[in-house]
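Below are two complexes that have subunit A in common, paired first with subunit B and then with subunit C.
== the complex of A and B ==
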């Protein structure tokens, strides 16, 4: 149970970016896992090539991927808003980006796995030191994003856009600028998750796949566009996977998550904290 | 919109590349960098088809190592006069099988029917290797598989399919004397849900009984090959009663690093021996970076030792290290030798006729990097010995300090 909750909170960090993008921009980002992967690589190279300590390397990795997110939103996603079906086109674009990033990573970074140095080598009971750092950072970042969304002007604008984009625009919200910021923030959060989990699950071209799948399961359970839902969804997923692994079989760990998602989609499609429009 | 199309085109290139649509672009460098002064037109060259996993979900890391070795094999043959009176051998491909049997089938057919290759050298993933072997058998085209471990490939009893790599039963049999020597009583096997993992688990279970190893319990646990969190499995093993003496694990992807890492974090290293199911700690360039302290302790099989290399093996090792910056794995040696064995067979066949090459392969006696390569057929001895090289050895090694070189590792068991 304890492990499930801990892992769930770390999962929730991965889902947080997805839910922000979906809530504000109304698009599904299928390249989210690859920003997770790029965050892992960025932090790895900042630490090993430049000798930076993790508490500098990781924010730098976030900033790097944030900039990449801004560029992608501006050049690839914004033009889609002029089309009739922007959400569908965004799926195509982000899926294409996913293929591109994975294959570029194999060519540029090579096929071998990387592992950044441990943040803390001492473990704590069932958790490794790295997981403890990931847990604490995840909690802090979730709290920060919650405050950002709830107490700042940017957050207010995002909430307005998530409720009604047209009205938000009429009321003076710079929708394009807010889109860029939210997409950049989402990619930065994915990068953070990737950087934190690099010492735990390694860094490699395909590490983002698992992160993307879990992210979507979490937001489906918690409610798309809901931050509390993402956290609850992550914790619930972690607990269900943990219990399933112990009492049924660990071999079907991924299946438990998908079954849970399926149940929610049938019984409560809006998720735990989502809402019907 | 223009940028979108450009991105899509680039992404599509990678997908298309993986399907070999750019075969001409790939093979051109092999032809134009041939050692002869004049470039051999493609129609005069002898075409050998190559397939490797180069993208996920395939094991692209191992595929790249194989490809690197194949390239050196082609170069060696062409540097030494080519085949059939100076004709160069050219690589058609590499086609990326992505680790998927259905892609392996498609690409094998394409190599044979569309590209008209004389022969094929291919095989990493067991499931893909088996699919490729079936097509090669159906279309009567000689194929050497230098790496897949499944027994099912030689058990096809195909006249056209030849294997240089070990097979699971052979590895397990070679490992049995070590298990007997260690007198393990309670054995746990943790294997991935692939042909390799499942096969190895079944082989170990079979031979523990048939080789009269005096064990008391054997438990087999299978996990999804893409799993990254093994705590549930490892805690389950830790809680077993009676406590296991040894954990043998068979994994290829990320899991091959994560299992020892997480096992050490959970204290299993202090409780039982850890045996790695295959030899990647011996040669994987990322082993020490990823495993760290967890790299000390696990016992791993080694299918060669530097002291057993022939002169051509040493030459290849140097060439590989010079070209790519890291030592070749056993699979690289086998891949390199596979090209040379095929070229040798083509030479003795006297033509690019597939039947003639096949007959020549059966008579092969080639001085490879690690010994003489010949293909044995003896289904009475074991069903999987069919066009199979059985000249393998197995040592059990163990690292005793971080970043230790393979040749300095402790030899825990040797049959020599």
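== the complex of A and C ==
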């Protein structure tokens, strides 16, 4: 049960970026999981190839993916605002991006898993050292993001855009720049999650898919575009997965999350904390 | 039209190997066609298409194994199973719009795959189950080829009749503006479900065909990302929202995959991905649009 909560908080990190992008840009980023994967790989290579200590490698990985996210937003997503059905276009493009990244990763990195070295070998109570690091970092990051969104000017711009995009632009918000920033931030968060979970779940070309699914389940439960919702969703998912695995069957682990999500989608589509569109 | 005539006479000139490739192409053509019905014509996001094939295929295989009917009955059984799941999916999900629908159908697909893979005793897990061939004892792929071709033609004709009829108008109305359609009196819920059921049926048939052509079925045909990505790629490449487009796209991609078999499979998918990005950016209508443009160019040049 406790483990469920812990895992849940770490999961929430994945959902965070997704929720930000959805709230501010109003698009569903299907490639989010791939940034998670790329983050994991980047951190892995920074650590093993260059011998950098984790606390340098991980932020570096985040920065790399952040840049990548910016580039993608600029080239592929920017034109979407001029089309008739942006949401549809975004789904297709991000889906194709998934295809691109997964195959690219298989070609460049090889179709097998790698294990980055542990962060801390010493365990703590029920958790392994890695999980502790991941947990602490997740909490710190969630807090940071909440502060960012709540207190800074950028955060205020984002919130304005998520409420009423056009008015925000009229009021002087540089919508394009904010778009780029939020997308980059989201990808960086995904990368962080990927890097953190590397030693636990291993790094491979396909890890992005699971991360993506988890992320979407979480924000569907918790409410798209809401940060406390994401955290709540993450924790809920962690608990449900844990219970299901223990009491029913571990093989169906992912299905429990799905069922939960489906229930929410049918009964309360806006999730726990979301607002009406 | 021309395409079908060409395809019909191909077995006389082409080698057996390529015929098998084409048969695979037919399977995907059916899948792409049925997905385009939901996506291109009705404008609904359905990311679970491949699960219809899996349900149809497994339905037929399992029920046949249990009840010992001849294989032909399998088609009916698989078809019924697929229709049922189309209905089910429609019931659950079609109250949702756009993105949420996406999620729900995707999750449905994943769940089906997980169930198939996990329930080892019933479904044989990831190893798959062996089943009887459609034409037992026949070595050459030719009968399968014609059956596959026949199925594609049949589905094309049926869908053509439906989409050019008033029903088709309902569907495209839903795609263009669901609320307006609802207001004009189109029962969007019913028609969306209809497109799901119809689409599911053809995908299920495709699945049954595939299973009895190969003599086995495995969860991999229902595996969410790779299969769905292929279907998606084929439809976009060929031209979404047309009926010819998906067929063309399916055949082209199946051919290309086979041709480039020497090169890594992943590289080909990568190239497709880039290609699709380019298409979505610059040429929304895919190959069909391209050919139309070329034809227009050609005609206007002739007049000069």
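Just so we're on the same page, the second predicted complex is superposed on the first by the 276 of 277 C-alpha atoms of A that agree within 3 Å, B and C clash if a C-alpha of one lies under 4 Å from a C-alpha of the other, contacts with A are read in each partner's own complex, and residues count from 1 in each chain.
Here, a contact is a pair of C-beta atoms (placed from the backbone, for glycine too) under 8 Å apart; a residue touches a chain by one contact, two chains touch by 3 or more.
Because the structure is predicted, anything quoted here is derived from the model rather than measured.
S.K.: State whether A:106 touches subunit B only (first), subunit C only (second), both chains, or neither.
M.R.: Both subunit B and subunit C are touched by A:106.
S.K.: Kindly classify A:96 by the partners it touches after superposition: subunit B alone (first), subunit C alone (second), both, or neither?
M.R.: It touches subunit B and subunit C both.
S.K.: Is A:261 in contact with subunit B, with subunit C, with both, or with neither (first, second, both, neither)?
M.R.: second
S.K.: By the touch definition at the top of the document, which applies to A:28: first (subunit B), second (subunit C), both, or neither?
M.R.: A:28: touches subunit C, not subunit B.
S.K.: Mind working out whether A:58 is in touch with subunit B, subunit C, both or neither, as first, second, both or neither?
M.R.: After superposing on A, A:58 lies clear of both subunit B and subunit C.
S.K.: Thinking of the overlay built on chain A, is A:220 touched by subunit B (first), by subunit C (second), by both, or by neither?
M.R.: second
S.K.: For subunit A, what residues appear in both contact lists, the one with subunit B and the one with subunit C?
M.R.: 76, 79, 93, 96-97, 99-100, 102-104, 106, 111, 209, 251, 254
S.K.: Using the touch rule from the top, collect the residues of subunit A that touch subunit C in their complex.
M.R.: 28, 76, 79, 87-89, 91-93, 95-100, 102-104, 106-107, 111, 209, 213, 216-217, 220, 249, 251-252, 254-255, 258, 261-262, 265-266, 269
S.K.: Show which residues of subunit B lie in contact with subunit A when the two form their complex.
M.R.: By the definition above, subunit B touches subunit A via 1, 3-4, 7-8, 10-11, 14-15, 18, 54-57, 60-61, 63-64, 193, 221-224, 226-229, 231-233, 235-236, 254, 257-258, 265-266, 284-286, 289-290, 292.
S.K.: Taking the touch rule as given, give the residues of subunit A at its contact with subunit B in the complex, in rising order.
M.R.: Checking each residue of subunit A against subunit B gives 3, 7, 75-76, 79, 93, 96-97, 99-100, 102-104, 106, 110-115, 118, 123, 126, 128, 201-202, 204-207, 209-210, 242, 245-246, 250-251, 253-254.
S.K.: Looking at the complex, which residues from subunit C come into contact with subunit A?
M.R.: Contact set of subunit C toward subunit A: 45, 92-93, 95-96, 98-100, 102-104, 107, 110-111, 114-115, 118, 225, 229, 232-233, 236, 264, 266-267, 269-270, 272-274, 276-277, 280-281.
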